[in-house]
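Across the two complexes that follow, chain A remains constant while its partner is chain B and subsequently chain C.
Take a look at the complex of A and B:
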């Protein structure tokens, strides 16, 4: 049973940590955006787009958690009994997106918040503001990739 | 050539026709005016010029513009027009016919009257608001005294006594009463009202006690209250003020109705605002000219296809204009206008968001479009999402009047949707796994390694293609050896390395890589003087292979995003499946499926768009693209509020 508990710990970490990061990042952008929208309510749509960017890490985390749940049969079947080694392996596989997701969402939130400042003055440069934030997200995508490949690579 | 060829035009005409010619150019909207002062011939021209003050006529126009803007703001404040979510991105303009435009612009006096009416109403509203505040404060002040049912004008001093209304802090009351009864026993103290902070009272005392009373009052921190100019009892005064407030309310309502009547002028204001703004732009454009007493001279850029139109317009509308046309000189920077035909037009928005190409660049749009199409499709890779996206984009482009980048962006999403359908069919994504139709090629969820390789292959092709474009530019610029050494060497070296890791390509790969490496080692230091440095720079250049590696590895995001779309969709489906079974469950399931898939569509489209753009900007453009050009900004009619339909009604 220990193996399954470790695997579930992996699920929890993968969902919780990037979720915290995204909540922080999205909140940060929301604060800047609210300031800009006070001056110009018509910028709501543009700022909302920027605010959505640091939210993807939380989704990546949920995604990873979901794949693990499918693999170990928590949803859609009987739960597979896992050895402690298998459980540890799944826990390890969850770590890349858990850790990178947490931090990258925070930093991406900061970049996107600065982008809100950019479009406050130059609304036509929304594309550039988005790209700056997306540069940060790259690393979350890579971590997600590593986690997914690890999970798919493990034989249950 | 998608970068439109630019011609330099030099125009000379009589001063009398200046306004008319500028008007023609503005209406035509195909000429970018260049400041004559930055012209190479400026030194010569300068001596001919008479100094002028183009600002002299600006200021009355600006005043009128400010007035109209004020009125629009005023109306917006009282009767706001809200923009919906889509309009915040695309803007919303009133569309009117040219005839209507001309009619509106002619109603100059009416605008002035309406402006005056708006200002009058606004000023009165401000006065009313101030008076309301005053009345409310007055009532607050008087209210504690309302139990004093004496007419206020009767509370006054006589020859022998003095009467005062006063306030004392609550904690001082005991001390005050004690002192009064001890030292001034002839005084009369009457409490009017009291709360936890202060006590209001009436005090009557003989004049001879005045010094004593003053001393007592001072030590108890008593402050006298006076109500000059009020007659009748406090209750009456409050009632009167309430009545006044009521009257103000009524007047405000009447004014509000008046403002609502003025609202019919909003359309007129909007048209007039745009008209004035364009007149102002015309005046400001005159600052680019060189002028003598009798003639003026301007320089500008016009796209070659629009040249014939310009010549014809000037021939017809201006008698004295002389137009000279030149090609841009070698190395002269000209403004960049991108023009792509057919489907690639939509992808132009991706280039434009990055920035204009320089005068030496190729337009990257048609080169990047196929890769953008494929990458976007791989990221979204769902037939149903693609169909929804394309349908929405199609409806938007039909229903809404979009122009410029907004239109291109919507078209881009339309093409992206088509691509997602294509890759959805190949990879078996139909709302994730909701509709069980097998993949035509393979499902990345079953075989992620294979999908990773597909992503890398897309990356290698695009990066190679980018290097090829740079080689082409080198050859075209007359540097074929640069193309051979720089791009050729890398092609050989990288292809060799790739062959090395493929089964069966080892031997050829080894020699190709060695040959490529040798070319690079021997040539990459060719700008150095010292032979040792030449060799060192050559060897060091091999380190750039990490750049190539990271470029290609970056394409692994295609796999990640492709899986993300599919897995989130499956997650939604799984959760929906758990609810099925009863009628309530089925209803909840449908709600959950609809909400979940819409959410996933929005998030996945956003991710696909931004990550695909990034691949173009960072991994592709840096191979050959210089950027930093100046976008073509023609002198034209610019409007903020209205769109004048250009079909001539008259």
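Take a look at the complex of A and C:
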């Protein structure tokens, strides 16, 4: 396998796994929110805010994939020829956001869905419901940071 | 089969809103403090029960309103739950109530003494044709067995209690079986507690009637956490013995208070209230998971308790009981 293929596998994983996680998380919160809005349509805005939270991991994954594509010249130029070692290094750099993005989006979805239950009962506590869900975001951001630092740190 | 808890996200979302609309003590107090039963009924009309008022003509029709509301809630829950059969279990006692009424009609000639309730899991038509034709093949095996036992023993001695005993046993046997089949440890543990509390009550009644150990064995429901032997061995002793034996069980406090109430007043009213409050508290502690069956079952129990409270208030008002006497019997709310 050439280095470029490994690097593209890194792009694919960085985009696909957090994307799956975010879809699951947003879907889960959507179900909870639909339940609440069935009984109380006024809660649409508040629940939408919570539903958006697990969506960020998918964006982080796409961002990472985009940066790798820029670095290896898939976008805006010619593809840089990569050695198998360079390709493996890029693949490794993509793994933090790929794996943490997938799992943190699922867990954040669960926390946000629980938050939907919270505001169903106490709409005035929306801020707290958001904070609980956002705590999970920390780890997705850390993984994104690690992935980006790795990619920029590699010499092409 | 067990299903993924995440499938409950929608249903739990709805329940979280519905929970907030259960009657709190404030609303029950307004019903209680109302001057007449008609005034109490007006408080009821302002809530979701108001939807069913068209079908009632006066205060004495309040049972129609209550049973319509419960039937509506169960139907909605069956629609939104990923495991409708688990929700329907909460209405299974209505089927068994109907079955008892039908049996008593056929074999004791007691026509229309007790009203039929809306069906839970089994269509009323199937129950009716089963009893009338003495053909129980279309009914669940548990019911078929109970019905055949009743018919057999009825031939020897037509004791109306046989109907009650066999059907109560079958009810809980079926509840436990469906809960196990659905993979819900939570429901199994809940039903075990219900069985224990009913068995304490049964023990007191059988002891008062002075019946034999064999009769007690038949009357006790199997499958609870407390062993049947515990009750059988205590039949010949004083009630203090039962209080001592239950002291270390989960029911220590309520058993002590409930049994003392039984000894003082000679009725199980106090014990029954405490038993209901125990289950309410048990479910309230378990309602927080954002996904799963627990909040649904908790709400349905809470609704049944609300209906029980409303019935206590309205019956008390119609019969002119003093407010405090009614208040004493009111169950804790699930909120």
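In this section, the second predicted complex is superposed on the first by the 155 of 156 C-alpha atoms of A that agree within 3 Å, B and C clash if a C-alpha of one lies under 4 Å from a C-alpha of the other, contacts with A are read in each partner's own complex, and residues count from 1 in each chain.
The definition used in the following text is that contacts are C-beta pairs under 8 Å (C-beta built on N, C-alpha and C of every residue); 3 or more make two chains touch, one makes a residue touch a chain.
All values reported here derive from a predicted model rather than from experimental measurement.
In the superposed model, A:116 makes contact with chain C only, not with chain B.
In the superposition on chain A, A:45 contacts chain B only, with no contact to chain C.
After overlaying the two complexes on the shared chain, residue contacts for A:142 are found with chain B alone; chain C is out of touch.
Residue by residue along chain A, chain B and chain C are tallied for touches, and B comes out ahead. In the superposition on chain A, A:5 makes contact with neither chain B nor chain C. Once the two complexes are overlaid on the shared chain, A:35 sits against chain C while remaining clear of chain B. The residues of chain A shared by its contacts with chain B and with chain C are 43.
Residues 6, 9-20, 80, 290-291 of chain C are the ones that touch chain A when the two sit in their complex. Interface of chain B with chain A (complex): residues 83, 85-86, 88-89, 353-354, 448-449, 452, 554, 556-557, 559-561, 563-564, 567-568, 570-571, 574, 578, 603, 606-607, 610-611, 613-614, 617-618. Within the complex, the chain A residues that touch chain C are 28-29, 31-36, 38-40, 43, 110, 113-114, 116-117, 120-121. Residue ranges on chain A touching chain B, taken from their complex, read 42-46, 49, 52-53, 55-56, 59-60, 62-63, 66-67, 70, 75-76, 126-128, 130-131, 134-135, 137-138, 141-142, 144-145, 148-149, 152.
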